[in-house]
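A short write-up of the structure that comes next.
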Amino acid sequence: MCGVFGVYNSKTPAEDTFYGLYSIQHRGQEAAGVVVAGYDEMKNKTVFRQHKGMGLVAEVFKNPGIFNKLPGHAAIGHNRYSTTGASKSSSNIQPFSHTYRSGNLAIAHNGNLTNSRQLRKELTEQGVIFQASSDTEIIPHLAARSREKEPVHQIYQALRQVQGAFSLVILANDQLIAARDPHGVRPLALGKTINPETGEPVFYIASETCAFDILSVEYVRDIEPGEILMIDKQAVKTGKPVSLFLPPSQRKARCIFEYVYFARPDSIVFNHPVDKIRRNLGKNLARESKVESTKEEQQIVISVPDSSNTAALGFVRESNKICRPARFEHGLIRNHYVGRTFIQPGKEDREIKVRSKYNIIRGVLHDRQIVVIDDSIVRGTTAKMLIKLIREAEPKKIHLHISSAPITNPCFYGMDFPTKGQLLTYMFSDAKDNEEEIEKIRDYIGVDSLKYLSLQGMLNSAPRFDNEIQSYCTACFTGDYPISIKDACCKKEEYDCEE
Amino acid sequence: MCGVFGVYNSKTPAEDTFYGLYSIQHRGQEAAGVVVAGYDEMKNKTVFRQHKGMGLVAEVFKNPGIFNKLPGHAAIGHNRYSTTGASKSSSNIQPFSHTYRSGNLAIAHNGNLTNSRQLRKELTEQGVIFQASSDTEIIPHLAARSREKEPVHQIYQALRQVQGAFSLVILANDQLIAARDPHGVRPLALGKTINPETGEPVFYIASETCAFDILSVEYVRDIEPGEILMIDKQAVKTGKPVSLFLPPSQRKARCIFEYVYFARPDSIVFNHPVDKIRRNLGKNLARESKVESTKEEQQIVISVPDSSNTAALGFVRESNKICRPARFEHGLIRNHYVGRTFIQPGKEDREIKVRSKYNIIRGVLHDRQIVVIDDSIVRGTTAKMLIKLIREAEPKKIHLHISSAPITNPCFYGMDFPTKGQLLTYMFSDAKDNEEEIEKIRDYIGVDSLKYLSLQGMLNSAPRFDNEIQSYCTACFTGDYPISIKDACCKKEEYDCEE
Amino acid sequence: MCGVFGVYNSKTPAEDTFYGLYSIQHRGQEAAGVVVAGYDEMKNKTVFRQHKGMGLVAEVFKNPGIFNKLPGHAAIGHNRYSTTGASKSSSNIQPFSHTYRSGNLAIAHNGNLTNSRQLRKELTEQGVIFQASSDTEIIPHLAARSREKEPVHQIYQALRQVQGAFSLVILANDQLIAARDPHGVRPLALGKTINPETGEPVFYIASETCAFDILSVEYVRDIEPGEILMIDKQAVKTGKPVSLFLPPSQRKARCIFEYVYFARPDSIVFNHPVDKIRRNLGKNLARESKVESTKEEQQIVISVPDSSNTAALGFVRESNKICRPARFEHGLIRNHYVGRTFIQPGKEDREIKVRSKYNIIRGVLHDRQIVVIDDSIVRGTTAKMLIKLIREAEPKKIHLHISSAPITNPCFYGMDFPTKGQLLTYMFSDAKDNEEEIEKIRDYIGVDSLKYLSLQGMLNSAPRFDNEIQSYCTACFTGDYPISIKDACCKKEEYDCEE
Amino acid sequence: MCGVFGVYNSKTPAEDTFYGLYSIQHRGQEAAGVVVAGYDEMKNKTVFRQHKGMGLVAEVFKNPGIFNKLPGHAAIGHNRYSTTGASKSSSNIQPFSHTYRSGNLAIAHNGNLTNSRQLRKELTEQGVIFQASSDTEIIPHLAARSREKEPVHQIYQALRQVQGAFSLVILANDQLIAARDPHGVRPLALGKTINPETGEPVFYIASETCAFDILSVEYVRDIEPGEILMIDKQAVKTGKPVSLFLPPSQRKARCIFEYVYFARPDSIVFNHPVDKIRRNLGKNLARESKVESTKEEQQIVISVPDSSNTAALGFVRESNKICRPARFEHGLIRNHYVGRTFIQPGKEDREIKVRSKYNIIRGVLHDRQIVVIDDSIVRGTTAKMLIKLIREAEPKKIHLHISSAPITNPCFYGMDFPTKGQLLTYMFSDAKDNEEEIEKIRDYIGVDSLKYLSLQGMLNSAPRFDNEIQSYCTACFTGDYPISIKDACCKKEEYDCEE
């Protein structure tokens, strides 16, 4: 996963990008970068300046003087999330910046291309050299090889050739271009504010709308699936950016996991507030739940903070509505200082990691019937440790409820899931049926009961979009991949240049 | 405020201290340090080794090799919280370590001495020189000047001379000493675990019990007000540390603000779970509240996360019990990545700070009657900005409820409150009565109603201790200072050596 | 200027490269990098790993663990010297590393291409994108577009198209390739040692042979002008690398400034010891000198340490031989700690810079007739300050003797000279003749007499090569550029992507 | 060894101290610090501000903003040289700064106290606590315990009690005090300049006068042995600082090793130019030398750069005078980039260290009779490696001449010599006489002949001072310690608090 941000016609594009990236930090903690387009009076033309680094946004930009060195009117930025080998290289930090026949081109990408191997092969056969191991680098190469004159048309032609998931922000000389793949896998939103001094519009692009809120920017609309939006001086004058559309796909493939876990609850994603959908997931989970509850011994519902807070509230409300008394409580405390600088000297086991992140409130849990709401289980190791921790408070029973279905397949569209073999479900794939599999997982994790939300329950929770054959990608739950993964390369280790 | 930690008879005292300090990071984010006592085979005696630095615990100890350089059997550690001038000096980072006639002595202090000026004057007149501007340095000087032979008795004599608030951990050669002032202002707890290999006890001391939880250490009891607890090889053998007691004070002065805001909710403080007391504060606030509510238009109760979460839950539960329908919601989202590395380039106003830390969930707040629960108001600037932010969701009404009384006086016992003139209440101190003052504050902050919990409501929420004339210090709410502040010096600027 | 290094068939290629780069640090202090080729057992093929950074070699590699992360059998490295705008970008640190159709390709370059603008234009028109503003990047692009299959032939074809000065080390998968332009502008040498364990040869390539000495490597010979040397497994077996030759140029253009100033005196450059040539420069300068000297009042000859030490010794020896009594003395002391981390707080004038680097020995200089030997004058500001400093010792007279001719033109082949307008000679270009110009410079610098070595004197000092029309480039002294500079771009500011 | 610096009545005391410390960097590379006395308008009094750190001066002060944070009118600074265990602690970085009954007191010390153990014992028995393991800390304690009112008298009383070597700079509130022990072991000089704006004198104190040269400050005179010089506002008015004198010692003990090796040749030390004395050492060495030399086969004399350069020149000149033909040559090149950041990855042997620092010039050495001049031999390992390196040039013969006598005893007065057992001479202390010892050392180092300058030759080289029983300390050559070392503690490991 990654986060992207763009801004056009601001007096402080680098600062804006800093705040934007800061608010979507959850989409990528490994590295961050910004490229700014600014007019250089000495050279009498627009130049690109950049700053990038490994670490959190606030670390990369901790030197306060950095913004003075990045003047301009437009910028793009990127947060990288990745832990696989090759990506550790600093040459893979986005945005990537290039000069080519039409001038300067910088690009930042959220998603994953599924035909990058094939395209890379074709391009190298034509004599192209690659600096980084990222699939993103293919796009500027394709654009540069287009016969078109206008960068936006070059980009259009490039994007017609790539398959997969992409939400892009691009600086092409003094234009800002945003693009989203025709399946609409990853979110991308347009925002706007008015510069009070000039009366001119300032345009913003972001993976999530919480990046607009921090800057008091108004959310206008989503970049539509297949849309290429071009913002330039003309757009500032008219207030209207220009759109091109890639050939449409009737089948959409919005990542439902954005609603389940990934996006911040205060964002609008795919035109709908994440908070509301996440609450629906909790409600539907309550309806499907079978845990008994009486007035005398009502359920104590706790969330794994903070990602499951909203689902837990939805669960409690619905439970009470259907006369299954439930009470929301804070039974787990999340340490505020958990971050990437954290180390585990000596004690390398997972237990200290969980204890460093969470602590229990015994008074809330002791001798009670507990329903723990979590959003998903990937490897299962954290869940197992967390349950062990909760057990120390000696609750009567622990019921683990997951506000999504079991994850059974890796993601090839940009979510950093492990390989199939590392997923918890794989461990129990020899179960004779679903029921037995769940029972085995329950036993492994060590809870009194385990309930996953059904796939239908998930889909019912998410917004409906008219005139679409299907609206969501559920591949990680079903193995039904909406975009061909024949050529897909989920492992980046295939490229060899590391740092 | 500060956090202290100590450990005795561990194989990994530096690591243990790292985790302990990490879990009480909220008590001080400016600097951290550890001193380890270890036997040096070459020198054939116990030596002290230390590591200290500015910044968060995880930053100070980010070099993973550091723990190998700090072998030993006992350690003490300290988190410093402070933003006033002189304290920025690295020579003020605790623990302070000294050699003196009885060997080595290291000390870490949470609290504030109120007769430090007088003592410092007396000592300097006797020819004492001071390295740091901290009042803590007085204690080892007094100990070194005692005629006693045993460090614990030297410490005893030193502590008889100081007044004020102190929770101390001290390494004296190969002994660990913990001490708490007779008024019991700051918390200090004793923990224990059994080394599975040797069967011997390992002893722990910490400001809060959450530092025990991260290490799977069992909470034994509080260090009592006036107690000096000495842990040495003998204590390992018998399992029983030895206690001395300073002359008792009938009047106790536990800091009630630890319950209101400062301590973590998962800690046990003053023998009682913070979570429970904080919930009581919410309950009593609900009882005192006058906001109307009906089934049709019930209150939406939101907390300022995470410090007011527990009070908000208590408030909701009690409201519903007394037939004033209320619903707990997550209306504010707290950014996980807020930390001390954060910068505010260019935009130095407070608004971006608040926006960087919090965001609203419009769907929860819009067109609703909102009760915002916050734990306290100090300067009022953050509260004002936060309300402005909530207003953007266009709620029907905003009722601000504070789970403590108005803060009207500075703290001289270790809480880093601003001077009287900087407190919000000071701005309106010309109000003709209480009612008018509250009305003016309400107007300033911009809410539809404002309710503080009464002092009595606070005291009713906190645990009762038998046979005490008074159990709590409420000076910041009342100006009634339980320990004389005639000689007190809340400003450290008086000492001149800065770095 | 820059320094390059390569090694093949070593057990410790990264360490070897570190020491090699360390010993040619004087060729570039701004940035350093290494790329290592190593066999990856997991991937079952050769992969490239790299480490680069701004600063001195010892700073870039200060983390001692870095070498464990760079295993392999071959490596190339680069020291960058540059202070112009665009080059400050970390994306310009060499070696550059790429993947392309034939695998991996990394390149490090000393020199400057003179037709890079034209080639860059042609390439971008074909759709090529550039990451960095360096002209070096052109070479891998040309190689990748060649129809040849073998990397060494691709490189051959690429180098046929470029003009200018280049001494290159290239890693192509598991081969090491070294190449030098047909004019032979920059030096490049081949070294060899025998691994005592395996009996196999280990091959080394370096800009200067002092990089061999630090590693106890034997100097074999120079890479010849126009030679492309390919070292692979076969070369290890046979002990003989294979050579290709670019179309030869009868006119050679070895940079005579390497002898005058740039190379280390303990290096062999262009097949001859620098020390010897530099001594010749001093001798010829003595012959041309007109300073009177008697036994009673002999000349005191001092050098500007350390670059002029050898010329000064040659000067003294020859002077005495031709009965002009002279005595070598250390009259100026060079501060050992001068380095790039140096700052000039407040006092930004050049005087403190000179005083920080040099100090005088009054006893040596006072009341004496001093001949100061310096190797060259570029801007003249340092010389002026240095003379001012020497004046403080109140010598009788100061005669400044320069062991090269006046610099009148910029270098387009890799030496970081300022533009014409910044050269000292430009200030006096309106002089009616040579004599007047020298007189004006003498007056400006403030010496009693000023003597430059004649161009012929320089050429007589340098080694002769048979069958060459001309052997040296003297363009900076004469304006006679041996390689066309019509298209040359000495300014890198034309490319726009900065960091 | 260490370097100290002080300045009074400057507008830029911190910058001045930076430059001063920078120029005496050779006296200590491990750590550096400055304390500035400045008037604080807000506090209406003089305050001390400090900046200290591990590393070279240019590293410690690399942040250019640091000087703005250190305003004032006076400052003292210190360079620390030390590699023994305890000193690595950052709590040992000088100047030490304290508050005490008379205000602020900061101190920087070059030398070593020989009765520090006894004094430390007495002080701790009186209840004094020590922060650092440095003997310097004793002085402020003694001063603070004096009954005197004026800091300068307190210092006087303190210094009457200490024995050993001390050159001190002290800031006492707004006074600058310089002091030198009665034996005059370490140098200390007074400098002066006139502020052109105010016409007032600015006073400077430094270990060596090269610190004056960098600032264009005029050397006035040495601080005399036993002198305590006090500079305050009155001294600015009158132009005359006031002096007190400790009880005099007829026997002086100037460290002759300052002349042999330690001081910079461009400094005036003990009232005489180091360069001249070092040249005398070379001359006397030539007179004592027995190496034959003819016109046909004259000696090639090379120095180990840069420390032996001057002695080598003196040697050559005298040799020629006494008709033993000799020629000075640069046969060894010293790498400019040698510094403390240097690492030896993998190859930990001493050989790579020597190769990293020096390289040979084969053309100078090959087939010649070489006389290598070095200033001293301590452990002998470097000399042995260096000779091995020179052998690679295949000289006919190597004669090693040392411009000092054999070092046979450790220094207790501040020179960082190893213990007796680590000195090269110790290895051969079983030799039956001097001659055999020298022969064994010659064999060990691997030269054709070895010659040390005689003790008398050394003393004849150094300046004579009238009316002194003895003028120099030669303890390291003779074991005759001029100041009692009964109680001396050359090992700092006795104090236990490390960092």
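List of remarks:
For reference, chains read A, B, C and D in written order, and residue numbers begin at 1 within each chain.
One rule holds for everything that comes next: contacts are C-beta pairs under 8 Å (C-beta built on N, C-alpha and C of every residue); 3 or more make two chains touch, one makes a residue touch a chain.
Since we're looking at a predicted model, the values are computed, not measured.
Ranked by separation of Cα centres from chain A, the top chain is D.
Both copies, chain A and chain B, contribute mostly matching positions to the interface they share, with over half of the numbers common to the two. Between chain A and chain B, the centres computed from C-alpha atoms are 37 Å apart. Chain geometry summary: the mean Cα position of chain A and that of chain C are 49 Å apart. Annotation: 61 Å between the Cα-based centres of chain B and chain C. Multi-chain contact residues, meaning those touching two or more other chains, do not occur anywhere in chain C. Pairs of chains that satisfy the touch definition comprise A-B, A-C, B-D, C-D. On the side of chain D, the complex with chain B involves touching residues 40, 43, 45-52, 89, 91, 96-101, 103-105, 124-131, 133, 140-141, 144-146, 493, 495-499. Interface residues of chain B, counted against chain A in their complex, comprise 12, 15, 18-19, 22-23, 25-26, 56-59, 61-62, 64, 66-67, 210, 213-216, 264-266, 273, 275-276, 305-306, 309-310, 313, 317, 327-330, 333-339, 341-343, 345-347, 352, 355-356, 359-364.
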